[in-house]
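Right after this note come the structures.
Look for subunit A in each of the two complexes below; its partner is subunit B in the first and subunit C in the second.
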Partner chain A sequence: MATGSARKGLLVATLSTLVVAAFVAYTIGSSPAWPEVQKAFFNGRYFSTSLPAVAEAFTINVRLFILAELLILPIGLLIALARSITTPALAPIRIFATIFVDFFRGVPSILIIYVLGFGVPALQLDGVPKEPFFWALVTLVLIYSAYVSEVYRAGIESIHPSQERAARALGLTRVQALRYVVVPQAMRRVIPPLLNDFIGLQKDTALVSILGVVETFKQAQILKAASFNFTPLMTTALIFLIITIPMTRLVDRLAAKDRNAQLGGTR
Partner chain B sequence: MATVKSAPVLALKGLKKRYSGKLVLDGISLSLAEHEVVCLIGASGSGKSTLLRCADLLEPIDAGQISLEGERVAFEDRNADATRRKLGIVFQGFNLFPHLTVLENVALAPRVALSLTQVAAERRAKELLRSLGLAEKAREYPDRLSGGQQQRVAIARALATEPKVLLLDEITSALDPVLVAEVLETLRSLALSGMTMLIATHEMAFAADVADRICYLEDGRLIEEGTPQKMFGAPRDPRTKEFLRRVRSISAPGTTRPVGTRAKRTVRAKR
Partner chain C sequence: MSRGNARTAIGQPARMAVVLMAVAMFVAACGGSSASVSPSASTDTSCAPESLALKTAGVLTLSTDNPAYSPWFQGGNEGAEIWIGDYNNDPVKGQGYEGAVAYAIAEKLGFTTDKVTWIVTAFDQSFAPGDKTFDLFMNQVSIKADRAEAIDFSQGYYDVAQGVVTVEGSPIAGATSIAELKGAKLGTQIGTTSYDAIINIIQPDQEPAVFNTMDEAVAALDAGQIDGIVADVPTTFYMRDAQLSGGVIIGQLSGTGDGAEQFGVVLQKGSPLTACVNIAIDALKADGTLDALLLEWIGGSGSAPVIK
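And now, the complex of A and B:
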């Protein structure tokens, strides 16, 4: 009976989805200018000609977000730990970390990319790299370290204080208690929201196109300008979706697993 | 009383502790000689748990002093972590580390706080677990164990730094009656082995059986102390009498065996 009602539910869901999709398709397709729009945005010929170049440029995005993620994981944790410092003498570190997070979370990413990417190289300091890719990486790492540090901090604070007290009672120092007891437990809870932030990061790699890095979005813009057709941009969108949708599903599954574990397990 | 000569292992003098203005400990003085077992009794909120947490340097005190083996120690000390290694505490809620196996729970402090090698720390942990009858649980995670087993692991963990004194904070209160027995049995054999212990408990029969001295606390004050015979047989203070009367009225008949069960404890007369 249970499987029967499940099958019925699936059937209803499929039908209603099809009806809505058909309605949307009809509404758009029957609009007077649809043939023009279709030609400008969803042109099969331009899709197949733009795909190789746009896909190749996407490898720049991949390099960018993989490098950035590898740097963000430890930096974000360090910032989160800096914000949990209680020793009065080390207060400057905590205050600096707080300002850092407030600033990079509070200013639009595109502004930070502009200012850092164009401003710092313009200082013409010796030994400061000028390559746009380098500055693209730096800005993404700074912005997303701020976000990820908050994720870590929430994870650390979700561990009950009795855990730290038990560790301290055994004679562990505060740092040891964090290192061996609190942080390892926090890590598990932090994975889904962390991946969520990484999805945002992967999309935001397109922003660095303003620095002149020829990544996938920039490449699509170049093709668009050459052909007066928007289809290359749609190609890029499709490539982003191929990466981000599986990741979104993974996050959902991990989060659901986490929830079950917390409901089923003891503390 | 016969052990005037030996200096106390743990001495608390005039402890005062406030929580947001309210006096929770109001000048408590108490000392434990080596091998001595002292039970703290009293209603919830009388200050037993706070006293243990302050004695373990887990919380600062507002007045008074704490000495361990004749040396003054305090929460604010730079080497308070080292002092905590010489004190073991077991909590009511076990507080085991859920991400570590039983063996890792017990071996963590020896490895990290005492800087033993991994091998030495695990050897010590295994010995402790075996002595507490938990050897076959070493590879399990805490959530696979019964409450009684978890609490015995917590005792093993507290013993792993070889503390001079073991503090126990109502460690059977979160257990069902069947599991209480196994944990109390563990404490009884620790007492027989000569462990110095300060035990906050609601188990009057157990306290009568295992304690050298009973202390009755009320409103953060030490009202009366004495041998179990005296405290359960002929308490002097009216407040102690009233507390014990109320405890007896709610506990099932036969669970309070105040005196006369101490013959077997002569084994411990090594001081």
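And now, the complex of A and C:
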């Protein structure tokens, strides 16, 4: 069906993309300073020498974002639920959760990692870890739990109140209604924004470099400073893209699927 | 209906085309980088102040990073607007080894103190491609062949030796040999040749910690996150005397010093000034100025035993 117009569309899309790409390439390439910029940022020699070291250091980032995400997902949900508590006696929990979210969403991550990563170990408390990796993990979990809790909360609040009332009418308690009716529906809706935050988390693992850990960004910086050539940073950018682009596509697809499901078969 | 279908049908290949094009551009951008040849330093030895190509006519624009650390820059920062904060130093004072050498070079080039101006340049900016905003950049930059592809170096004005500093109670506090440092968690600042010294000379069992500034390395040593810091010897003395509580100098790494590594002035690649700065440094070496400044600003800080 409609293959003719599809083929024509494809042709137009390809052509216009080519024209734009050619224009951009020409504009950049015709700049008299381009050879110098190319040598400094896209240098084949430094690309191939930096790739193994930068890729190996990336395993630290991977460990960090996987561990962090495993902690963030449940903690974020707990905070979201704490914020939706309406029982007056439990108000302190709600207030604490609100302050937590306000604080960790409001302060730049880089400042939190400084204070926790350098400040807490300096207290020299027995039994408190000094490992920078540990404090980087703590920082990312705190910040992203705050973000993710808001995603969950938005998801929970997007479920029509009639759902909870119907559940209550069937004799479920408020907790049961949340557990069996509201949260499962909310979950489906929040998966795309959660993945979005997961991508943000992956990129923010570069923050651990501040604490002296030689992860991929720091490794690239070391190589850059040794050679006065910026190509190793481009190598790292490429590695991040290889991980994040498929994930972005997955988010798009899930969002589209969700949209279709919402429309209930009107395709 | 059919429009909707058509859009999904072309969306996928079009996006693929964009990705492919981006990859192709990156690969193309990486190729043929040896094609450009930078002009070699001018051999024109006319170094009179009025015939020099300067950023600002008649004024020599000097530059360093902010903060400016002792003993390279000294004299504090009273009245400073840029190099502010505790322990920072205003290079305008012309004190500290690099501060004094900068003014000595300026003088040899024919610029009196009032014809010299200072601007801040972040370390990374100093070697970024494009026109520089400074004439001369002095920030304890070690001369290396790879680096010289991006910028011009003057000849060396300081022989660098790498040293190790720690604090009392650290596992390496009593160390006298490189073997005793191998098990240590060492730290240093990014972009330093101290990092190379850790990797190549000490060859520790643990990956060194690499911080964005030496201040953070000091904080980490204070907090017990690392066992020691490797830095150039004058900096280790400064850390012991001013920054660390209970700081201990372990010594100077053998194989460093003796002219193996030198600090040079950074200039724009192909700058006609480079040859003139080299002549000025030659003159400062010949008339003993460099030795005298070394003794005045660094020589007094004591000597470190050599760690073998």
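Here is the rule we go by: the second predicted complex is superposed on the first by the 263 of 267 C-alpha atoms of A that agree within 3 Å, B and C clash if a C-alpha of one lies under 4 Å from a C-alpha of the other, contacts with A are read in each partner's own complex, and residues count from 1 in each chain.
We take it that a residue touches a chain if its C-beta (ideal position, glycine included) is under 8 Å from a C-beta of that chain, and two chains touch if they have at least 3 such contacts.
Keep in mind that what you see is a predicted model, and the values were worked out from it rather than measured.
By the touch criterion stated above, A:L142 is placed in contact with neither subunit B nor subunit C.
Of the two partner chains, subunit B is the only one that A:Q176 touches; subunit C does not reach it. Contact with subunit B, but none with subunit C, is seen for A:R168 once the two complexes are overlaid on the shared chain.
For subunit A, the partner that touches more of its residues is C, with subunit B and subunit C as the two candidates. When both complexes are overlaid on chain A, the residue A:V208 reaches neither subunit B nor subunit C.
Using the contact criterion defined above for the overlaid structures, shared-chain residue A:E36 touches subunit C, although it does not reach subunit B. Looking at the shared chain after the overlay, A:F118 reaches subunit C, while subunit B stays out of its contact range. When both complexes are overlaid on chain A, the residue A:P184 reaches subunit B alone and has no touch with subunit C.
Overlap of the subunit B and subunit C contact sets on subunit A: empty, with no shared residue.
Across the complex, subunit A is touched by residues 2, 5-7, 9-10, 13-14, 17-19, 21, 25-26, 29-33, 35-36, 123-124, 127-130, 144, 146-147, 149-151, 187, 190-192, 195-196, 207-212, 216-217, 219-220, 222-226 of subunit C. If you check the complex, the residues on subunit A that touch subunit B are 162-163, 165-173, 176, 180-181, 184-185, 188, 265-267.
Contact residues on subunit A toward subunit C in their complex (touch as defined above): 1-2, 5-6, 9-10, 13-14, 17-18, 21, 25, 33, 35-45, 47, 118, 121-122, 124, 130-132, 209-214, 218, 221-222, 224-231, 234, 238, 245. Within the complex formed with subunit A, the residues of subunit B that make contact are 56, 58, 81-85, 87-89, 91, 93, 95-99, 108-109, 112-114, 143, 157-158, 160-161.
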